[in-house]
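First comes the structure, then the notes that go with it.
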Amino acid sequence: MKLRPLADRVIVKRLENETKTASGIVIPDNAAEKPDQGEILAVGPGKMDDDGDRLPMNVKVGDRVLFGKYSGQTVKVDGEELLVMKEDDLFAVVEK
Amino acid sequence: MKLRPLADRVIVKRLENETKTASGIVIPDNAAEKPDQGEILAVGPGKMDDDGDRLPMNVKVGDRVLFGKYSGQTVKVDGEELLVMKEDDLFAVVEK
Amino acid sequence: MKLRPLADRVIVKRLENETKTASGIVIPDNAAEKPDQGEILAVGPGKMDDDGDRLPMNVKVGDRVLFGKYSGQTVKVDGEELLVMKEDDLFAVVEK
Amino acid sequence: MKLRPLADRVIVKRLENETKTASGIVIPDNAAEKPDQGEILAVGPGKMDDDGDRLPMNVKVGDRVLFGKYSGQTVKVDGEELLVMKEDDLFAVVEK
Amino acid sequence: MKLRPLADRVIVKRLENETKTASGIVIPDNAAEKPDQGEILAVGPGKMDDDGDRLPMNVKVGDRVLFGKYSGQTVKVDGEELLVMKEDDLFAVVEK
Amino acid sequence: MKLRPLADRVIVKRLENETKTASGIVIPDNAAEKPDQGEILAVGPGKMDDDGDRLPMNVKVGDRVLFGKYSGQTVKVDGEELLVMKEDDLFAVVEK
Amino acid sequence: MKLRPLADRVIVKRLENETKTASGIVIPDNAAEKPDQGEILAVGPGKMDDDGDRLPMNVKVGDRVLFGKYSGQTVKVDGEELLVMKEDDLFAVVEK
């Protein structure tokens, strides 16, 4: 099953805390806290402006992104928990 | 009876949980939770901009769509419970 | 007495539950629940944009429309309870 | 004393319940409820758009109008209680 | 000391209740209620639009204006209590 | 240390109550109430519009300004308590 | 690991209180209060307008900036606590 996001939405898979520690990131206050990084699995075509044109997206599939702890909405697809958010909920691309 | 949605609204029929499990989707935390996928039964002509032009819709009748648990409003038509939502409440098209 | 709605407003007469059951619609959870369909009695000239032009209305007198349970405001005219709502509160036109 | 409303405001004098019953209108649930019809006493020049042009008003002095129970703000002028509201708070013109 | 209001603000001096009763206005429910009329002491240059142009003001120094009971913010200047409000908080000009 | 405000922000130093009384201003209800006048220490370059142009500012360094009791945010710079606010939070320029 | 902020976001590293006192800044009421100055570590490309153009950013990497106590969202990257905020959350650039 494949998801094709609409407008300026992206589908994000949260990175596991383990993965994150390996790359040097520490989630401090609460060991159970959900990581605030993920990988982009799918990218929408961009928001449509009033002339019917699309504003280009600034992230692409495979980007590692940083987002707010409470950003996005959780969906379960093929047994996997994913996040759906708007591009504007993304803070930054994490470059390796 | 046929529904002709106005503006950028769509009429969605929720997929049953059974159907969803068959296609590999699991709704985890709560067995009674309503599925967050559905099939589009009718599509409005698009939102009208200030010049009276319509912005094109990005979904079509028959599309399987993913949406938020609390999206849309429920209506009963011919004994069937349907959802009315705006296109912007749709997260993604699920491609098979 | 005749009502001439302003801007993008419509005057709607709710259909009685009886009428609705006859056409196959069931309002399930609560027998006393108000029907969410009605007939349009009057249509405004459309919202005026910033250039003073009117955006065309997409419904007409006589249309059977579907709307939200809590849409519109109730007024009593000549002893009859009517609903005033904006076109954008209408979900769909019900075609017979 | 004369009031010259600003922008898209109108000055409305509520019709007395007696007047309304005479013309066939009934305010049902609560005999003490304030009538939701009135007569327009003064009309502003229209809202100014960003170019300094005025959008034309769609009601005129003498029009009988229908409005929401909680629309407008009450002012007392020369001992008479009047309502100040924006044109957009008016639902419809009542034609005789 | 002179006040030069910014943008679309006006400085208003509330009329005393005495003055108002003399001109026939009655503030009914509460003798201590603050009057909702005042005289304009100073007028700003108008709101600046996105092109840096000013939208003209529709009131002038000396105008007697009607406003909402809770409009504006109180300031004390040279021992005198004045009201600062935006032009859009003014309901009407009272013509004598 | 010098502050260069961004966009349409200004840095304001509140006038002491003493200064204000000397110029005839009285803060009545509460002797401990903070004065609502200040002097502008720094002015931003103006808000940028959608074309990247700046809207001109209407106040300048040294202006004595009137603002709301709860306007702005307090910062401490070099031991001095200052206010940061947007130009739109300023009511008027006080001319001597 | 490097962060590439999206749109008009900046990544800020809060200055320690010690650093701040050295440069003459005092955070008074509460010794444990978080400093409201920081250094910009990364700057986004600017907000995209409706034509797909970017509005230029007004701060650059290395700028010392002043912001509100509650501005931004905290993220931990490589063990370091950073702030993500929009440029509009920045009050001023502190010039040395």
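So that you can tell them apart, the chains are marked A, B, C, D, E, F and G in the order they are listed, and the count of residues begins at 1 in each.
The rule is simple: a contact is a pair of C-beta atoms (placed from the backbone, for glycine too) under 8 Å apart; a residue touches a chain by one contact, two chains touch by 3 or more.
Going by UniProt, the chains are A, B, C, D, E, F, G = Co-chaperonin GroES.
Note that this is a predicted model, so its numbers are computed, not measured.
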Enter the minimum step count from chain B to chain D; a value of 1 means the two chains touch. 2
Rotation in the CA alignment of chain B with chain F, degrees, nearest 5: 155
In terms of residue numbering, is the interface formed by chain A and chain B classified as same (over half shared) or different (under half shared)? different
Could you state the distance in Å from the CA-based centre of chain C to that of chain F? 51
Distance between chain centroids, defined by C-alpha means - chain A, chain F (Å): 41
Among chain G residues, those touching two or more other chains are 50
Category of the chain touch graph - line, ring, star, complete, other: ring
Within their complex, state which residues of chain B touch chain A. 23-28, 36, 49-50, 53, 55-56, 58-59, 66, 68-69, 87-88, 90-96
Hey, which residues of chain D end up touching chain E in the complex? 1-7, 9, 11, 42, 44-45, 48, 50, 52, 73, 75-79, 81, 84
